[in-house]
Amino acid sequence: MLLALRGMDALPIPILLSSLIPGLIIAFLREESVRTRRVLNLGGAGVKLALVGVMLWGVAEGERYEWRLSILPGLEISLVGDSLALLFITLSAVLWLVTTVYAIGYLEGSPNRNRFFSFFSLCVTATVGIAFAGDLFTFIIFYEALTWATYPLVVHRGSEAATRAGRIYLIYTVVGGTVLLFGIVWLYALTGTVAFVDGGALAHVPPEQYPALTGIFLVLLAGVGVKAALVPLHGWLPTAMVAPAPVSALLHAVAVVKAGAFGIVRILYSVFGIELSWTLGMAYVVIGAAAVTILYGSLRALYQDDLKRRLAFSTVSQVSYIALGTAMSGPLGAAGGLVHLVHQGLMKITLFFCAGNISETHGISRVSEMAGIGRRMPWTMAAFSIGALGMIGLPPIAGFISKWYLGVGAIEAGLPWIIGLLIASSLLNAAYFLPILKTAWLDPHPDASSGEGEDVIGIREAGPLLLLPTLATAALALGAGVFAEAEISPLRWVWMVVDRVFGLVQP
Amino acid sequence: MSAALLYALTGALLFSTGLFGLLARRHLLRKIIAINVMASGAFLVLIAAPGPMPDGAADPVPQAMVLTGIVVAVSATALGLGLALRLREKTGRSTLPEDHPR
Amino acid sequence: MSAEILLIVAAAGTPLLLAALWLSRASRAVAVALAPLAALPALLLTAWPAPTAELVLPQIFTGIRLGLDPVGRAFLFFTAALWTGAGIFARSYHAADPRRDAFFGFFLLTLAGNLVLILARDLLTFYLGFAAMTFAAYGLVVHNRAPAGFRAGRVYLALALAGEACLLAGLMLAAAHADGLGFDRLGEAYAAGEMPAILPYLFVAGFGVKAGLVPLHMWLPLAHPVAPTAASALLSGVMVKAGLLGWIRFLPFGSEPLPGLGTALIAAGVIGAFYGVTLGSLQREPKTVLAYSTVSQIGYMTVACGIALLSPAYAAIAVLALVHYAAHHAFAKAALFLSVGVAPRRSHPRMRRVWLYVGAGLPALVLAGAPFTSGAAAKAALKYAGEALPGGWPSLLALLLSVAAAGTTLLLARFLTVLGDEGPEAGAGAKGGGHPPGNARDPEPSPPPGRWIPWVGLVLLVLLAPLWLTWAYPPPPGVVEPTPVLGLFDSIWPLGVGGLLALGLWRFKHHLPFARAHVPPGDLIVPLERLATHRHAFPVAVARVRTGMGLGESSRRLLVGITRTAAVATLLDRRLTAGAALGFLFLILLAAFGIALLA
Amino acid sequence: MESSAWAAWSVALPLAAAAVAIGGWRAGRVAAYLTAIIAPVLAFGTLRAVQEAGPLRHPLGGWGAPLGIELHVDGLSALMLAATAVVGAATTLYAGAYFNRTTGRWFWLVWLLLWTSLNGVFVSDDVFNLYVMLELLGLSAVALVALAATRDATVAAMRYFLVSMAGSLLFLLGIALLYARYGTLSLTLLGLVAEPDAASLLALSVMTLGMMAKTAIFPLHAWLPPAHASAPTPASAVLSGLVVKASFYVLLRLWLQVFGVSGGGFEAALLVLGALGAGAVLWGSVLALRQRTIKLLIAYSTVAQLGYLFILFPLIAVAGPWAETAWQGGVYQVVSHACAKASMFLAAGSMVKAVGADRLPALAGIGHRLPISFTAFGIGGLSLVGMPPSGGFIAKWLLLSAALGSGNWIWALVLVLGSLLAAGYVFLVLRHAFEWSPEATRPTHPVPRRMEAAALLLALVALGLGFVAAPPLDLLGPLPGAP
């Protein structure tokens, strides 16, 4: 059966449906039907993973999946499963499964789980749709859907703070989405095309339209920049961390910020093309914005005591690596940026899981309260350490691989100052992550009055449903780095993307 | 001045008077009457329209229209009066409040 | 897979395997028990005759390449030997330590990193090991969890990170310009002149932190006294040498001469040699004294690096000198550190104290370059390399080195005098230093065999090392082996001068004002730390910019404005229902249309 | 059946049903249900017929113009018929559960008459016939509002009645002027002969003014919110969804078909219309943001959304090659807004019934207390905002691309700003939906499934319109009166 599926052009559809249908059914289940909900959630995630696996296999062998639905003359919903899309989709599918398990554990016994899981699935559907989008028209459809599917998750707790965060989130993203729509329509009106074409759809545009194209680029960048949390459009992200931990995890690792980053990649590579982006000087704008964001996010993270807030600012900083790398005009930088899409996801989701574990099990949400937590939750903190050290860029964790290719790519692209940026960012990352590790592992637990008391403190770990996903993603983050050059690794896939989609050749 | 023009001008005058009454008078009965005056004005203009009949015979189309229009106006008046009565019943007044409650 | 490869795998893998065992509570005891022996396979590997094989794992990380070359073998030898010795020492030293398991966890990780970096055959594998070692060693430095330890750890990490930063930048530059990541490719790229000029500078700075190059040495005097004794021995004896190995591996020795950098390194080395001696003499804690001694000794080795950069023709001999010096210093310094762990006490029987002082004095003499020791041989090699310099520089250098050797003698004499001190500073236990909590306060009648056996072993190794080195690291072809005897007088007079100076100082310490002077350990770091307390400048600046731009205020005003306008609109909207208003609007619209249509 | 008779049947069917409805509640309900089933079939039959044979022309009873009544169905009419059928069917389903024998005694009759007149407006080719249908429409709409029988509803109905009558009579005056000038009543014929002379333009002005009052375009909108908000919910749905569109439809016919303004020469007047539209978008949205009860909020949003329709006029005039895109967008906005707005009203009615209050804070936690209705409201609201995928999105895409394509930045900005403001007032409801306050756990009154289903059905149509835009727009054909 899988063989038959491999050749199916409309394979993107079942992949989308595998989360859409459970999401819709769950919305109308009764709150008590725990078992049905679990079966639907995990079943959907499993099916999606299997289908994505089939598609990965197909794409690796040169297949290209394409499905189109004409909406208007010249406008169509097109779902394209190419190697770049699959990079993002695989990440989403894997992390969805993991996060679902985590969320089941996290929300046990809390109200409104139907709504939560329903929108959770819709959120993933929208994310996958963004990845599959074969043109800007399809892109914005899912992009906006993502906004509204995420809102109920952000305000899930229904508290004052959650409502406020939700309002801020919506203001940012709706305005961003509208700006993006504006840009897309402008582009459509100007050139008559919004399609994604490998190497850039606008290569043929005559130079007299370049000023308009510059404007369009800026508008589009501002539109996706909101979700990608480019400074100064990042304000929503640290606020949105009031959401439940699995939501933050998904938001920061896969769904929203990555959608924005992926949008930047698409705009750079599939709409304008990297050459035109450089001709217009816009690639440099992206690089500049990313550079500012990277530094600013890290600097702000330094001063946050709230763990999730610190992580959120860290996301602001880290996600811009993706934009930074893809805006450089070389294969190495592109690889670094693209692979960071996956690597950052794996590491950041681990960190947020850990933050969730800590607050769920011990009610601790501030860094200053974390003294000695490593002794109480050794596994959680081990996972956290992997994530944090990876973020700093310590080899052999995944983060180093991204940073390495970004740096080498920067020189290749003739932008050596970016190395300074990367280094500065790494140092800042160290400055805000290492104190957490030190506090957690080395400082005495407040319950231990003296040196002798330390043995008294027993282990109190999070439940298995919380711990296993955490360890799984930590292992993936480590594995993605240790086996970076293995046959099956994100980096390998990225080389293929770089090779195929951008027509760049692996060095 | 031809008869048609006289009709038309009278009609316009009536219509304007009615419109003024509708807008400026507050009592609902007056407003409803004003509507009827407006309708009459419109009918007069309609009657004044020179038909396409080459032999000078009266054009039947406006006549038919006016007749229909009168029927419509009568039913409208009925509805308006009914509403005015209901309003009086509910509010004890025969005028509309200056603004509406929100 | 050949036996040699297997041995390489075992050498690098044993500590990793034990570290993995450590992770599980069930097998942790096994891992801790075996930890001191984790370096034995590596030691075995150094005995392999003429190693040539290379282990290549292209799928792991960015491609792992491990192998052994002569330089690596020399480094591997003293590294593995010291880790084993220090490990056995630590077993006993931490016997009653509640955090013993944690100590050995970091021990294993640090060891793994250290071995990997020595065996590495390409840039990134080296970096992998180097980074692992650097970060895991933090756990050793702060082992006692005391404020002083954390401060030292903070300084250590800050400097190490700065070093890593330079290193990473250098690696990226190198990778972008070289055709591959192997050391061979790096050398080819250097030779072809394809490398950016800044590259050697980055590497010098990057590894300089670890090596303790002045002024990047500040972490050494802070970290050594607070770390457990075995860890201090490893830090000074082995890990500092990792920086040196980094220089050997990454700098363009033997390619185009780099006069600027070479001269700078020689100058830094000479300055370091004197600086370490001067500041070290002003310290009151034995391990701090030793730390400054390391700074001073590294100065000599820096000079050798400078020579190699200055004169490619002399690169091989300079490297030879470096290796000899590194090995000799490693053993001697580790033995000295361990002697702190078996330090003589007034309560000890007289004979034992004498033996202990003899045992501590021997490596001290070696370090000072006493004749017929590895110290003398190393210094001779260095002077021989110095011949590369033009004009009268070689003799000046020789003189400077001799004077510095006198300083070393003085410094080590200082060490021996403070070794027996039992004052609050010397014990360091009160400051949370040297001794682990469990046994720091107990007056010990005698050091247990678990401590003195490795100590004695190291002292013996100090004496035997030169023999072994001539076998393990023969001079490269074309290089005449320097005679180990430098001229008796040349090696004796610095000892004599230093000894007399020390005696004089000790005798008149109550009369000389400067003898009581004290510079806080870490010297330069103190003002720097003060600077760092201004770290809240950034949030303050952000807040100021916000208020300055009036962002908060203006957005609030905007909001108020909008709300008011909307309220007015609501009022107006109610009015629009009134008949008069409607009529007015009707007329206006009619007029508007009339004008618009007829215009 | 002869293809051209589709139009006649679509008027006759609800009329016949209305006749039956005189018989009382039960008879009326059966008749309305039957209409609800058959009308969509008829509507889609008409769509197909137009698709296959082009515009249909049907002389009623075999009598042609000038004396007889001629029906004319082109793409626009067919689309309006279809929208009416869908919204009407859903509303009927909803009303069947909403009313009971007492409250709904007259509802079926009035509603079926309204349905008749709506269809009548859309198929008339004769301006006088149009007038009659408009009058019937206005009167039955007023009656529907009055059915609520509250004080507010009575006041609102009275006001609605006066405005509606004034509008109709202005229209009648215009007809008289046109007839006096051209001697014909047929829209088609008028389109061929009309010239922009003083009399014609005066006629155009008064007719436009009349229709604007009935469409409740800013600043003549003030009667609409209280009327739509205080009417019974099913009535609100059709009033906001369909009735205001009927007079807009007449405006389209007048300006585009009769006077052929897209050919040029009317720029200033079209600009005035557009300015009014822009004013409506902003004014209506801001006021919607200020409302504290849900039905008033939705009603003000209608005021705002109608503004989009008027932006169509200047776009047609200045957009050059993009005029046709603007035209498609405008019509699509009519259709999708009809479905979306009706579904929002229906869902809001259910929610108000469930919580027993119409203040927004009372809706706390409505997301899980009444998920289906809330979903319907949400989808409808998002279509209104222009969120993809939905009909509203397609409409906004088309309008926006016309504005940007022709370089008319001002209109583009108004469209974008309108979207943002719409998101704002939709959010006012959404934010309470997920709130977790004590009110959120209070039990709800039961809401019949049919009511919830009707709202959801319409919402899904609004959603579906986002996917099937091509066939309806094909059917719509080129911009009437284009050069």
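A, B, C and D label the chains in the order they appear, each numbered from 1.
Following the convention adopted for this analysis, a contact is a pair of C-beta atoms (placed from the backbone, for glycine too) under 8 Å apart; a residue touches a chain by one contact, two chains touch by 3 or more.
The structure presented is a predicted model; accordingly, all values stated were derived computationally and were not measured.
**Q** Would you identify the chain whose C-alpha centroid lies closest to the centroid of all protein C-alpha atoms displayed?
**A** A
**Q** Can you check which chain pair, B-C or A-D, has more C-beta pairs in contact?
**A** Comparing B-C with A-D, the pair joined by more C-beta contacts is A-D.
**Q** In whole angstrom, how far does the Cα centroid of subunit B sit from the Cα centroid of subunit C?
**A** Whole-Å distance between the two chain centres: 101.
**Q** Could you give the separation in Å between the centres of subunit A and subunit D, each centre being the mean of its C-alpha atoms?
**A** 43
**Q** Nearest whole angstrom, what separates the Cα centre of subunit C from the Cα centre of subunit D?
**A** Centre separation, subunit C to subunit D: 78 Å.
**Q** Counting in whole Å, what is the centre-to-centre distance of subunit A and subunit C, each centre being its mean C-alpha position?
**A** Centre-to-centre distance between subunit A and subunit C: 37 Å.
**Q** Hunt down the residues of subunit C that sit against at least two other chains at once, touch-wise.
**A** 570, 574, 577, 582, 586
**Q** For subunit D, give me the residues that contact two or more of the other chains.
**A** Residues 159, 222, 226.
**Q** Please list all residues of subunit A that touch 2 or more other chains.
**A** None at all.
**Q** Taking all chains into account, which pairs touch?
**A** Result of the pairwise touch check is A-C, A-D, B-C, B-D, C-D.
**Q** Under the stated contact criterion, what part of subunit B meets subunit D in this complex?
**A** Result: residues 8, 11, 15, 18-19, 22, 28, 31, 35, 38-39, 41-43, 45-46, 48-52, 59-62, 64-65, 68-69, 72, 75-76, 79-80, 83-84, 86-87, 90-91, 96-97, 100-102 of subunit B touch subunit D.
**Q** What residues on subunit A touch subunit D, complex-wise?
**A** It comes out as residues 27-28, 31, 69-73, 75, 77, 111-112, 114-115, 140-141, 144-145, 147-148, 151-152, 155-159, 163, 166-167, 170, 174-175, 177-179, 181-182, 185-186, 188-190.
**Q** How about subunit C: which of its residues touch subunit D in the complex?
**A** For this pair, the touching residues of subunit C are 565-567, 569-570, 573-574, 576-577, 582, 585-586, 589-590, 592-599.
**Q** For subunit C, which residues are in contact with subunit B within the complex?
**A** Interface residues on subunit C, with respect to subunit B: 570, 574-575, 577-580, 582-583, 586.
**Q** Taking the touch rule as given, give the residues of subunit B at its contact with subunit C in the complex, in rising order.
**A** Its residues touching subunit C are 19-20, 22-26, 96, 98-100, 102.
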